[in-house]
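Notes follow the structure.
Order of writing sets the labels: A, B, C and D. Residues in every chain begin at 1.
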Amino acid sequence: MTEKIFAEAINEAIAEEMRRDPNVFIMGEDIRLSVYGTTANLFKEFGEDRVLDTPLSENGFFGAAIGASLVGMRPIVETVTSFMWVAMDQLISQAAKMRYMFGGQANLPVVYRASMAYGGGSAAHHSDRSYPMFMNMPGIKIAVPANSSDAKGLLKTAIRDDDPVIIFEDVNLSGTRGEVSDVDIPFGKAEIVKEGNDCTIVGIAGSVKLSLEAANNLEKEGISCEVINPRTLVPLDKETILNSVEKTGRLVVVDPAHKVCSAASEISSIVAEEGFWFLQSPIIKVASEQVHIPYSPSLEKLVYPNLDKIYSAVKSTLE
Amino acid sequence: MELTKETQIHMLKRMWTIRNFEIKVMEVHKAGEFVGPAHPYIGEEAVAVGVCSALKDTDYIAGNHRSHGHPLAKGGSIKKAMAEIYGKVDGYCNGNGGSMHLADFSVGILGESGIVASSVPVATGAGLASKLRKKDFVSVVFFGDGASNQGACHESMNLASIWKLPVIFVCENNQFAITTSYQDSVAVDNVSDRAPAYNMPGVLVDGQNVEAMHEATAEAVKRARNGDGPTLIEGLTYRFEDHSLGLGRVTKGEYRSQEEIDKWKERDPIDIHTKKLIERGTLSESECKEIENNSIEEIEEAVNFARNSEFPKPENLFDSMWANPIPKP
Amino acid sequence: MTEKIFAEAINEAIAEEMRRDPNVFIMGEDIRLSVYGTTANLFKEFGEDRVLDTPLSENGFFGAAIGASLVGMRPIVETVTSFMWVAMDQLISQAAKMRYMFGGQANLPVVYRASMAYGGGSAAHHSDRSYPMFMNMPGIKIAVPANSSDAKGLLKTAIRDDDPVIIFEDVNLSGTRGEVSDVDIPFGKAEIVKEGNDCTIVGIAGSVKLSLEAANNLEKEGISCEVINPRTLVPLDKETILNSVEKTGRLVVVDPAHKVCSAASEISSIVAEEGFWFLQSPIIKVASEQVHIPYSPSLEKLVYPNLDKIYSAVKSTLE
Amino acid sequence: MELTKETQIHMLKRMWTIRNFEIKVMEVHKAGEFVGPAHPYIGEEAVAVGVCSALKDTDYIAGNHRSHGHPLAKGGSIKKAMAEIYGKVDGYCNGNGGSMHLADFSVGILGESGIVASSVPVATGAGLASKLRKKDFVSVVFFGDGASNQGACHESMNLASIWKLPVIFVCENNQFAITTSYQDSVAVDNVSDRAPAYNMPGVLVDGQNVEAMHEATAEAVKRARNGDGPTLIEGLTYRFEDHSLGLGRVTKGEYRSQEEIDKWKERDPIDIHTKKLIERGTLSESECKEIENNSIEEIEEAVNFARNSEFPKPENLFDSMWANPIPKP
């Protein structure tokens, strides 16, 4: 076990998988010079046939990755969450649907790494957190790493998986440090980040860290929260969540995505259906306000989940 | 250069297979034997057959909603194609796909796409794999005149050109996108006029002439395998039937005249090719007739196969969702 | 009040609005010959500057509609739900975000009419029901007419509204007949289709009809259901739903969209948060299975909500 | 044809405004006065200024992430531009947009777009409105060499051409998309070589020569107002600074040589134009200097305005979401 920065952990996962399997390659915009900070040195090590700088044509090269995966390669595509809109057709019509439409003939081991930058004054065009939309559409696995260990372990699993995967890499974690091991992290197994008895908090991506901080502070006030990191949203480990709510009787879901039809909505609705009898109080969603991300720092910070919102949510479940 | 006798005959057979397949599909659709949409390829057979006859089994193709001609031309199983259209478990896709989503990976058919132009980037990616892994295969994509206006075509052609990928872009210009004439929708005279915008050769070919299509493709394949990059081939052709089974209401005669249709029917690709074979003495008239008859029989068998195949079972609903399955949400 | 077929009601709304306001025009693929059956006679009446057949370039002409709306026109765009993927960039990056990003300067009175065909053997590429994804993204109003009256009244409201609207026109209703009036139907006001006391059923689009049928049949077994048609999902009239659940204590949401992060998930999560104390039993979602739409009729019919699924959902809330 | 003295001077002023605006933005960004990204237009001023000086106030423009030059060239308020970059309530967009989303509808600026190429269809639509409602205005869209590879450009140019819309496509070819050379990403030699694929004129212009840009635009505007349809203008230019403030880490010197940068800096558009004005006797050296100094003052005022403006208040978070507001979900 070594300590790594989130961005390094990603880099390491890519390099290791590229060494292991000559069919793995990576493509994206300006990755040779590592504009987004996670592809440093790959070009040097692997050369031009394994590390491809692409033109500004996301629909084109997202689709090219799909085609390459169909004939045996394992492409990794680097992008930014907000740039996926221009490539939705390839993501939805092809990556998500192809295998099923073709009766299982198509293997699609393609990974889209979507960096998810929000909270830093990038404004509405560069601050999307769109995983809930992809959750609605069957066919793509969705990973939401919450720390360096997840970042490496989930990416390695993604690369080895024969289904298409989108990894949403929360840029707010880029500089965070954490233990990183050599083991893959399986999809669909949530992590109980902290045990507790009074209220379950499920956090998503960067919100796991926030939820843990909130839980630690609430502990001092005598409120014992269990914090869960789902790690993947498709598949979603609902058992771990339901078991926790069975114990605590209360649930808060912290999700940086827009609130309506969010991952928080989904998790809430699962528990309202399958864990209803465990519940002692309303399920509270702490998600982003239903507004675009304003540029102005005075407004932007109001939009996302924060400690205060979590405190009051947890407390309201205990009233 | 004259094509081998074998190729000439092969092409006639394949065109008849497609023609009779489509005639049968229209017949059984009318009889209500299946309900989904289907887009007949009748009149355009020379395009897919000319192209695919210049390919190897290890080469890849991808196509669009007008989907039956491509896999049949590439050598996909006729029975499985028909069973798929019937939604049966013995279809290419176990009934999951239907007419617009035929695919047979075992002979290089990466699949047809109901979303127009959507398979163009995918096929480009197969070409990319060929280059990156230093393979010998080429990748071909069929798309329509309407599709050529989609951004996906632009992006893919540019990618294929800058990376010199072994990709062949085949525009089946049947002159209409449903009811919209390409003259009203494509800003240039011919779709192939756009090739210079991607620094690749663009060739306008008589799409009713299967040998011309073959030759243009053979040339493009040579370039592709040589590492010289992509080619845009435009086969100028005509759809003899309605856009889609079931759309007859709007698509009969209102956007194109009966005269025009009749004029094009005089340029039936099968007739044209048959005449040549007979003139050259490659085949006799009766040998040609025999090919036609054999294909009718073959299609009859396929339909029976499809009719006798089972519908997928409820318990198989989720079967093809994932390579590594996940729990039901 | 006159009786109209759903498709006619749409046609009538378009024609009336085009007569009223010269800035209203309609564009789409093959609409002059009314390929999708709702634009008959418009070309004849309004001519080539008001009824535009477009090339196959959804991203291009969806965006052109946005640009035209910015400078004073009121475009109606006809499309099919599944063709929106290729145009997501214009829908999300521009239509949804522009007004907010520009501090309210941009008025975007553009209407996208997305016909939603499913259940008829069109397979995965032509059977999308994607409104939940658009619900997640703020900035677009979403209407889901459930009958001829809605079809006309909501479309007229949409055309007059200064915000972008997507209307999901359920093709399963195309041939249904219903009363149509000349009044606009306001956004954000749900309709109580049937009153009842034991269980609330919220249906979406074509599922309202199904839910009503189920409720009528359950009535015979002595189970009294209240059926609600939200009419619009953005805005969503949660008061009407919450009031109903306050009365009935039970909730079933019937949604033809894929189940995960569906409108059903959202409505369930709202009630689990704001109506929790009214609830006497779990909230049940009856939504489409998380699988692509198979072509084969033997499989396709298994995917969607149907009467039996509604019966057992309602009954389970009463156990 | 020589341009009027007035226009020549106007162009010099506008270029200085942009230059000094950008210098100031870099300075205050470094000082941490605002945090968001910003993409300096230094070196490319002649493109936006040449183009916009050929437009009327009633004409429309739309742009991209490299966003400050376009609105300033079109006559947008300098103070509001700066205040927007500061995220203040007196900005164009009340602080909602920031650097990448400047917009001033009051003078025809339909807005900049952070998503590359995404405003191209939008601008095309403004042109469509002009045609449908028989108005006189034209619509201009600025996009980069990188953007030209996006499908949105293809679709928009095709639409504008078949409908003969009064749209002017201005490709600011500064030769790079972040670190990617257009020579590696655009399959043709010049972006304007693609115009024939849309049956429209394509002109390659020296983007350091503001008068050349003006003239090419004036010609395109004439065509557009005449109903002769769109034009593609490529201004060949160079970005003197890093791609974006804050990205210096990767974008300094690794993908382009200092020599190349220096060579292009010798072709500073302001120098080139200033020299001309002095040579022609349009202005004296000191008059030119005065214009420069005035612009510095103007920018200083703008910065003070921005600094003194308030941040938006929490209660205004939702203000601009809807034209017809809806209840908070």
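Throughout what follows, a contact is a pair of C-beta atoms (placed from the backbone, for glycine too) under 8 Å apart; a residue touches a chain by one contact, two chains touch by 3 or more.
Values in this document were obtained by computation on a predicted structure and should not be read as measured data.
Visitor: Among the chains, which one keeps its Cα centre farthest from the Cα centre of chain B?
Guide: D
Visitor: For chain B versus chain D, what separation do you get between their C-alpha means, in angstrom?
Guide: It comes to 45 Å between the two C-alpha centres.
Visitor: Averaging over Cα atoms per chain, report the distance between chain A and chain D in Å.
Guide: Their C-alpha centroids are separated by 36 Å.
Visitor: Just curious, how far off is chain D from chain C if you go by their C-alpha centres, in Å?
Guide: 39
Visitor: At least two partner chains per residue is the criterion; list those residues in chain D.
Guide: Residues 93-97, 101, 113, 115, 118, 149-152, 154-155, 158, 162, 184-186, 321, 329 of chain D each touch two or more of the other chains.
Visitor: On chain C, where are the residues touching two or more other chains?
Guide: 54-55, 57, 59-60, 82, 85-86, 89, 93, 100-101, 123-125, 138-139, 234, 260, 290-292, 294
Visitor: Could you tell me which shape the graph of touching chains takes: line, ring, star, complete or other?
Guide: complete
Visitor: What residues of chain B sit close enough to touch chain C in their complex?
Guide: Residue positions touching the partner: 34-37, 84, 87-89, 93-101, 113-118, 146-147, 149-152, 177-180, 184-186, 247, 250-251, 254-255, 311-314, 316-318, 321, 328-329.
Visitor: Quick check: in the complex, which residue numbers of chain C touch chain D?
Guide: My answer: residues 22-23, 25, 49-50, 54-55, 57, 59-73, 75, 89-90, 93-94, 98-109, 138-139, 141, 161-163, 187-188, 234-236, 238, 270.
Visitor: Touching residues of chain A toward chain C in the complex: what are they?
Guide: For this pair, the touching residues of chain A are 59, 82, 85-86, 88-89, 92-93, 96-97, 100-101, 123-125, 130, 132-133, 135-139, 234, 257-258, 260-266, 268-269, 271-274, 276-277, 279, 281-285, 290-292, 294.
Visitor: Touching residues of chain A toward chain D in the complex: what are they?
Guide: Against chain D, chain A makes touches at 29-30, 32-35, 53-57, 59-60, 82-83, 85-86, 120-126, 259-260, 289-292, 294-299, 302-303.
Visitor: Can you tell me which positions in chain B touch chain A when the two form their complex?
Guide: Touch residues, chain B against chain A: 60, 62, 91-97, 101, 103-105, 110-111, 113, 115, 118-130, 132-133, 137, 139, 151-152, 155-156, 158-159, 162, 319-324, 326-327, 329.
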